[in-house]
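Take a look at the structure below.
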C-alpha cells in the first residue's frame, strides 16, 4: 500500500462521507473537498515524480507497490506511475475538480449523483495507477458502469436510449478486452498479469496477430475509433454537464491510454504489422468527425463529433509508432480533455440558461453573458489549434512526429489529418458566429444572467490549465517523452 | 396353468382398451369410470403376481379413495351430461405422434434387450407380518424412514388440501 | 540587445491586463495604457533600429543577431520550436514600420473609437495584434513564424469582427480567418516537408543555403516537381493567404467591415505584408534552389496586381477601393521579389520590394486613416454619398492627396522611388512583365484619383438631416499629418544602405528612362481621372454602359466570391458534410442500432418457446428425452 | 417380446408381458397429458402414468429379485404419494374452478407474460 492508492481511496472516502450529508450545502462541501484534495494530491504527485526523476531514478515505473489479490491467477493489485500516467492523473484531477463545481446545482438527487460520480472517478484513477492487467480491467469496468446511471437518471433528451447505447457499446468493447487480456496472460506464460513482467517476455507473433486487433479495438471503442464512435454523439448529447466533461475529458482518454499501454507496449510486432489498418480507420475518424461536425446544429453534437475527430488524432498519433508522435498523442489527450471539458461545461451552463442547445435558436449571446461567451471563444480557439493554447502544441507535435514516418500511407494520412485543422476552424467559427455574435435571436435571452461564482471557478480553472499547457509545454512534454522512450525502444527493437 | 395366462391376457386387454378410452372420452365422468377399470385391472395384475397386500392397497386407495375424490371433483366442476369441447386437432396429432414414437422406441428397446433369464417363483406370498416389520424396521432393507416421511407428507397434504380448497 | 524582448513582452502584458480588466476600467484608462505601452515599444524599436544599423555592420554587411532564444517545445533531438528574436535588416525595418503604424493607429483610435461599446476590448486586441505581428517579424525559426502568423490571424479575426452584432462583420471575420487558415495549411505542410528533409526549423541554418542541409532533398520528386519546390511553393501559399494573393485575396475586401483604424493597421500596413516578409525571409532558399517557384511568385503577384487594380476602378465603397489597391500594391512587392536576383545589383527587386513595403505601409495607413476620418465625418462608406468634401475636411484632404500622389508614383513622394525600383527590376527580368506592371501603375494612379475626386470634388455634398461634416479632432489629424510627412520624405531614405538581398550595401540609382515612362503613365492616369471625375459629368456612366459586361463583372469582383461561396456552401456543406453526417447517423449508427434490433428481434422470437403452457413444456421435455436417449443408445 | 410368443400357452407369463402393459398404459397417459385441456383429464392421465410405474416395480421385484421387497415397497409408497398428490391437485382444481369457472389448463394465465403486448423498446 503506497501513496498512489490514495487516489483511489479519496473518492471512496468522499463517497462514504457523502452518505452522511444531509442537505445540498453539505453535499457540495464534501464533494468539493474531495475533489480539491485530489487536485492537491495530483500536484504533490507531479512534484514528487519530477523530483524523483531529477534525482536520477530512471526505472520504468516509479512508486511501485504490489499486493497479492488472487493467487491462482496471479492477480496482483500493483501500482506504479510513469510520466504518461502522471499527466493523465493531473488531467483527471482537474476535470474532477471542475466537474464538481459545474454540477453545483445538480437536480434531482444531488447526493446520489455525487456518489456515482466519485465511484466513477475512483475507477478512472485506479485505471491510471495500476499496472496489472486484471486490475486495470476491473477499474475500467468500475469507470464504465456508473455512466449508465449518471446518464440515464440525470441526463436530458433521449437519455435512456443514449445511456443504454453507450453502455452496451462500451461493454462490447470491454468484452473484446477481457478476451485479449486472457489471451495475453495465457500466451505470455500464464504466470503473471503484470504489465512490466509481460513486457519482458515475448508473446508469439501468431498470437499477437489476433490479440492486437482485439485489444486495440476494445480500447478503440472508448477512444471513439471509427466506426465504433456512434455512442459518443448520443451519449454526450444526453449526459449531464459534469458527466459529459468527465466522459469526454477523461474516459475517452482511457481508450488512448490503454491502446498505448497495453496494445502497443505488449505487442510491438503486431503493432508494426497491423498499424496500417487502424491508421486508415483513425485517419477516417479525424476527417470524418470534422466534416460531420460542420453541419450539426446541436451544440453537444458538434462537440461530440469534434471529439471523434480529436480523439481520432490521438489514436492516429499512437499508431505512428514514433516518439514524437506518441508524445503528441499524450499531449493531445491532455489538451483535448481540458478543452472538451471546458466546452461541455460551457454548453451545460448556456443550456441551463437558454434551455436550448440548437445553434439556430441562439444568437448574440456575447453581449448578454460575456464571461461565458469569451470562455466559449477561448475553448473554440483551443480546439482549432491556436498557438498559446493547448491544442496547438499537441497537434503540431503529432503532425511533426507523423511526418517523420516516410511510408506513403503515413504521408498521405498525415496530410489528410492536417487538413482537419481547416475544417475544425470552419465548424468552430460557425458555432461561435452563430450563437455568440450577431443579433439576439430570442428576446427572452436578453435577461439572462452571467456566470455564478462556482461556474466561474470551474471555467477559470480549465482555462488556466489550457493556457498553461499551451504556453509552457516544455516541462510536460519532456516528462511524457522520457516515459515514452522505453516503449518506443521496445517498438524499435521489434522491427 | 392356462387359466392364469388367460386371466393375464384378459387383464391386459382391459387395461389397453380402457386406458385408451379413458384418455379419449368426451365426458369426464366416463373417463373416471374407465380409469377405475384400469386401476382395478392393475390390481388384478398384482394378484397375478401374488402381491396380495399390494392388491388390497391398490383397490382401497386407488379404486376407492382416489376415484371418490375424482368423482367428487368432476361433479363439482362439470355440468352433468355436457361434453368437453374437443381439443385442437394439431395438439392431438402431435401428442399421438410423440407418444407413439415413445412407445415404439421403448418397445424396440424392450424387445431387443430384455432377454435375461428369469424365474417365476410361484406362491411366495409375503406375509403381512413381514411387511409390517419391514415397514417399521430400522435395519438394512427396512423402511421406517420413508414410512415416516410419507406419513408427514400425508399430514401436510391433508392440511394443504384443506387450506387450498376452503372458501375464503 | 536583450531589451528587444520587451518589444514583445510589453504588448502581451498590455493585452493580458486590458483583457482581464475589460470593462472594470474606464475606457480612457484602457486607451491610455495601450497607447503608452505602444509608445514605449515604438521608442524601443527605433532605438533597436538605430543601434542595429550603427553596430551590426561588419565589413559592409549586416550581421544577423540572435538577441534572445529559448526552446519552447522539443519534438525530437533535432526538431524543436524555439521562441526567439532575430534581428537583421528586414526584421528591424519591420519593427519600425509596425510600431510606427501601430502607434499612429493607437493614437488615432483614441478619438475614432471614442464612445464605442467595447473600447477596452478594442485596445486589448490592438495590443495582441502588435504583439503577434512584432513576434512574427523577429522570428528566429519558421515555426515561430507560423505560430505568430496564426496569432496575427486570430487578432485580425477578432478585430474584423469587432462589431460582432453586425452579421456582415461576423461573416467577414470568419471568412478572413478560414481563408488564411486554409493558406496556413499549405504553409504547415510546407514546413513539415522542409523540416523533414533539412532537420531544422531554424532560419539561420535554412537561409545559409548550405548544400549539406538540403542534400537529403536530392532526387526526391513528387508529381514531376522536386520535393523542395513543393515545400517552397506550399510555404508561399501560406504567405499568399496572408498577403491576399489571387485567388486567396477574397477575405481582404470583406475585412473592411472592421473598424477603419484596424484596416489601416492590419489590412494595409502590417499583416498583409507578412506574406511578402515570409518570402523575403526565405529568399535565399528560393533563389538558390527553387528559382522556378520564385518566378511563379512573380507571375502570381503580377496577375494579382493587375486584377485587383481593375476591380478597384469600379468599386464605390471607399474602403474597398483601398483594399483592392492594397492587394494590387502587395502584388507589386511580390513581383519585385519574384524577379529579383541575389546579391548586388541583381538584388534590386528584393531591395525594392522591401522599400515598397516600407513606403506603402506609411501611405496606405495614411489613406486608410484618412478614409476613417472621412467616414467619421460622413457616416458612410459609399462614395456616392460623398463629394466636394474639400471645404469641410482640409487636413484630411491634403494628407489624402499626398498619399494619392505617393501611391500613384509621382516624385518626390515616397511611392515614386520604391515603385520605380520595382519597375526597373521587373523590366530587367522580362520586358513583357515590366510593361504590364507599368500599365498597372497607371491604373493605380487612375483609380486613386477617381477616389480622390469623387470624395473631395465633384457633386456637392448633400447634407442629411442638418448634419454637416466637420474636421476630425486632433488625435485623428495628428497621425495623418505625421504619416503624410513620412510619406513625403521617406523616398529620400537611402534604403539600399539598410536592406539588400545579401545584407551588403547597395546603391540605389534611378534609371531615367523607366522613371520618365512611369511618371508619364501615372500622369496619364491622373489626367484621365481628372477629366472623368473632377467635375460632375456623365462620361463615366456612358463608359460604364458601353462596357457594361466588364463593368458588372469587375464590380462583382469577377465573381470570385461567388465561386468560393459555391465551393463552401454547395460542395463542402451540401455535398460533403451533409452526406457524411447522414451517413454517420443512418449507416454507421444504423448498423449499430441494427445489431441491437437483431438481438431484440431474436429474443422476441425465441421468447415464444417460453409459452407458460405446461403441456408445451412437457412435450419438449419428452421429445428432448427421447432424442437424447436415442442418441445415447443408437449412436 | 419374443418371450411372449415362445411362452404362449405354456402357462408362464413372461416379464415382458407386464412391461408391455405398463408401457402401453404409460404412453396412453402421456398422450392424455399432452392432448387434453381439462385439468381433471390431465390428472387422470397422471394417475395412469404413476400406475404404470407401479406395475413395473411389482413385476421386476417378483421376476428378478423375488427374495427382496424393494419394488413392492416402492409401489406401495408410490400409491400413497399419488393419493396425496391427487388430493392436493383436486383441491387446487376446485379452487381454480371457483375463481375461473372452468378447469381448462390454458385459462391459467396469471403468471404468464402477456403475448400480444410486444414492448419493443428502441435500442
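Each chain carries a letter (A, B, C and D) given by its place in the written order, and its residues are counted from 1.
Note that a contact is a pair of C-beta atoms (placed from the backbone, for glycine too) under 8 Å apart; a residue touches a chain by one contact, two chains touch by 3 or more.
Quick caveat: nothing in here was measured; it's all calculated off a predicted structure.
Least step count on the touch graph, chain A to chain B: 2. Closest chain to the protein centre (all Cα atoms averaged), using per-chain Cα means: A. By number of C-beta pairs in contact, B-D leads when B-D and C-D are compared. Work out the mean CA point of chain B and of chain D, and you get 8 Å between them.
Separating the centre of chain C from that of chain D, both taken as means of CA atoms, is a distance of 97 Å. Chain B and chain C have CA centres that are 105 Å apart. Chain A and chain D, compared by their mean Cα positions, are separated by 65 Å.
Shared contact sites, meaning residues of chain B that touch two or more other chains, fall at 91, 94-95, 98, 102. Within chain D, the positions touching two or more other chains are listed as 30, 34, 122-123. Listed for chain C are residues 593, 596, 615, 619, 622, each touching two or more other chains. Contacts from chain B toward chain D in the complex involve residues 1-2, 4-5, 8, 11-12, 15-16, 19-20, 22-24, 28, 31-32, 35, 38-39, 42, 45-46, 48-51, 53-54, 57-58, 61-62, 65-66, 69-70, 72-74, 76-78, 84-85, 87, 91-92, 94-96, 98-100, 102-103, 106-107, 110-111, 114-116, 118-121, 124, 126, 131, 134-135, 141, 143, 146, 150, 153-154, 157-158, 160-162, 164-165, 167. Against chain A, in their complex, chain C makes its touches with residues 22, 71-76, 79, 81, 143, 147-148, 150-151, 154, 157, 161, 164-167, 170-171, 173-174, 177-178, 181-182, 185, 188-189, 192-193, 195-196, 572-573, 576-578, 580-581, 584, 588-589, 591-593, 596.
The part of chain C that touches chain B in the complex is made up of residues 615, 619, 622-623, 626, 629-630, 633. Chain C makes touch with chain D in their complex at residues 593, 596-597, 599-600, 604, 607, 610-615, 618-619, 622. Those residues of chain A that touch chain C in the shared complex are 165, 168-169, 226-227, 229-231, 233-234, 288, 291-292, 294-296, 305, 323-324, 327, 364, 366-367, 370, 381, 384-388, 392-393, 396-397, 399-401, 403-404, 406, 414-415, 418-419, 421-422, 425-426, 429-430, 433, 436-439, 473-474, 477-478, 481.
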